[in-house]
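Notes for the one structure printed next.
The letters A, B and C name the chains in turn, as written, and every chain counts its residues from 1.
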Amino acid sequence: MDTTKKTIILFSGDLDKALAAFIIANGAAAMGDDVTMFFTFWGLNVLRKSVAPPHKKSFLQGMFGGMMPKGPGKLGLSKMNFAGVGPKLMRRVMRQQNVTSLEELIATAREQGIKMIACKMSMDVLGLSEDELIDGLDYVGVATYLGEADEAGVNLFI
Amino acid sequence: MDTTKKTIILFSGDLDKALAAFIIANGAAAMGDDVTMFFTFWGLNVLRKSVAPPHKKSFLQGMFGGMMPKGPGKLGLSKMNFAGVGPKLMRRVMRQQNVTSLEELIATAREQGIKMIACKMSMDVLGLSEDELIDGLDYVGVATYLGEADEAGVNLFI
Amino acid sequence: MDTTKKTIILFSGDLDKALAAFIIANGAAAMGDDVTMFFTFWGLNVLRKSVAPPHKKSFLQGMFGGMMPKGPGKLGLSKMNFAGVGPKLMRRVMRQQNVTSLEELIATAREQGIKMIACKMSMDVLGLSEDELIDGLDYVGVATYLGEADEAGVNLFI
């Protein structure tokens, strides 16, 4: 086991939880750690492009895909969402306080070489295709996550 | 510490989070790991029988017990629940995509010898008795969980 | 790595999740473990004083601060909250069953020497100042958490 390796499962698609996940991941990478983020279920929405090429889906998949947020700019809050007013307020306060935005945190994560992997099975269930997600991801299953977690000293589910 | 041992606390009673917990647990067990799942608070609802023998409860316990979902077939989603339409959609897409259902995942977990333990204190608070839950569980407290977690390399709270 | 060291991030401000976090933390401390709790985002509300000195905030910060629960007595439930009736029921059942209240669990955590640290960045975003939180906390950033987690055998995100 390697204490400098860390994994984070991002299951949640909430802005606040995504912020927490990327702040921890970037902090660890800045300290020289090897970090893997595994995006599953609603967490995949964090990786969606705001505009994606049209894509053939089953009717049911289309329902999930059409209603879920498209990328970091559209995420809600896990608490005090108030039909989308909460996230707007939080983003504004973050700017006032010079706190890095989620979009910048994602860009930093990629610059720092954080491995970002998307759960293939969740993508099938939610009807998300690879060209709807940002580039440079790996598409894998739970066995890959487990292999990474076995080598890591810190493993979080967010 | 044993990197092939894993523990998962399932606190949530949402269908999507229960699916994530059992997919990780079964994946690890299939790779030969020793897995313990600890069910607490709303996570206990995943283990409820759909029909249980009548059971004497205090009025307050009866209120929780009566309103909480009875087993995997009645769970909601943590997001996009839409008064129960969301879980139905997700189950239907999962069948279309040949993804294993929660009921099958629970059966597989038991076949693979995953240790499933229920938090006694949460059962008291939520007014759940042993005969309302599926058979073959251990009924323990937090000390048992902590003992297992100390020996494990991966410990998740879901 | 030290298997007797444990860290818990409390991100959630829900009564049920706070109970789970403090029950695990106190259980571990009672077994002689060295425990650090890191409070971030909504989890900071668990540490709020019910009455705090007036404090100058920006308009936006004041909105979050004014609407968020002030301390353990005001927290909601993650499920079955029913506009505040759920937490009242849960507290009453807990008394009936002689289960320790959140307020007592927090007091025990302090008596047992559990290190409680508050995330400075989240405090800025949510507009919380040190004198609005209970005494005896450390105010730190993510690097401190990561340093503690690297030394711990069990790390949970709640």
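Here, a residue touches a chain if its C-beta (ideal position, glycine included) is under 8 Å from a C-beta of that chain, and two chains touch if they have at least 3 such contacts.
Quick caveat: nothing in here was measured; it's all calculated off a predicted structure.
Overlaying the C-alpha trace of chain A on that of chain C calls for a turn of 120°, given as a multiple of 5. In this structure chain A contacts its sequence twin chain B using mostly different residue numbers, the overlap staying below half.
Between chain A and chain B the centroid-to-centroid distance comes to 25 Å (mean Cα coordinates, whole Å). Within chain B, the positions touching two or more other chains are listed as 1, 155-157. Across the complex, chain B is touched by residues 1, 9, 11-13, 40-42, 58, 60-61, 63-64, 67-68, 121, 124-127, 141-143, 145-146, 149-150, 152, 155-157 of chain A.
Here chain C touches chain B in the complex through residues 1, 3-4, 16-17, 20, 23-24, 27-28, 31, 33, 78-80, 89-90, 92-94, 96-97, 99, 153-158, going by the rule given at the top.
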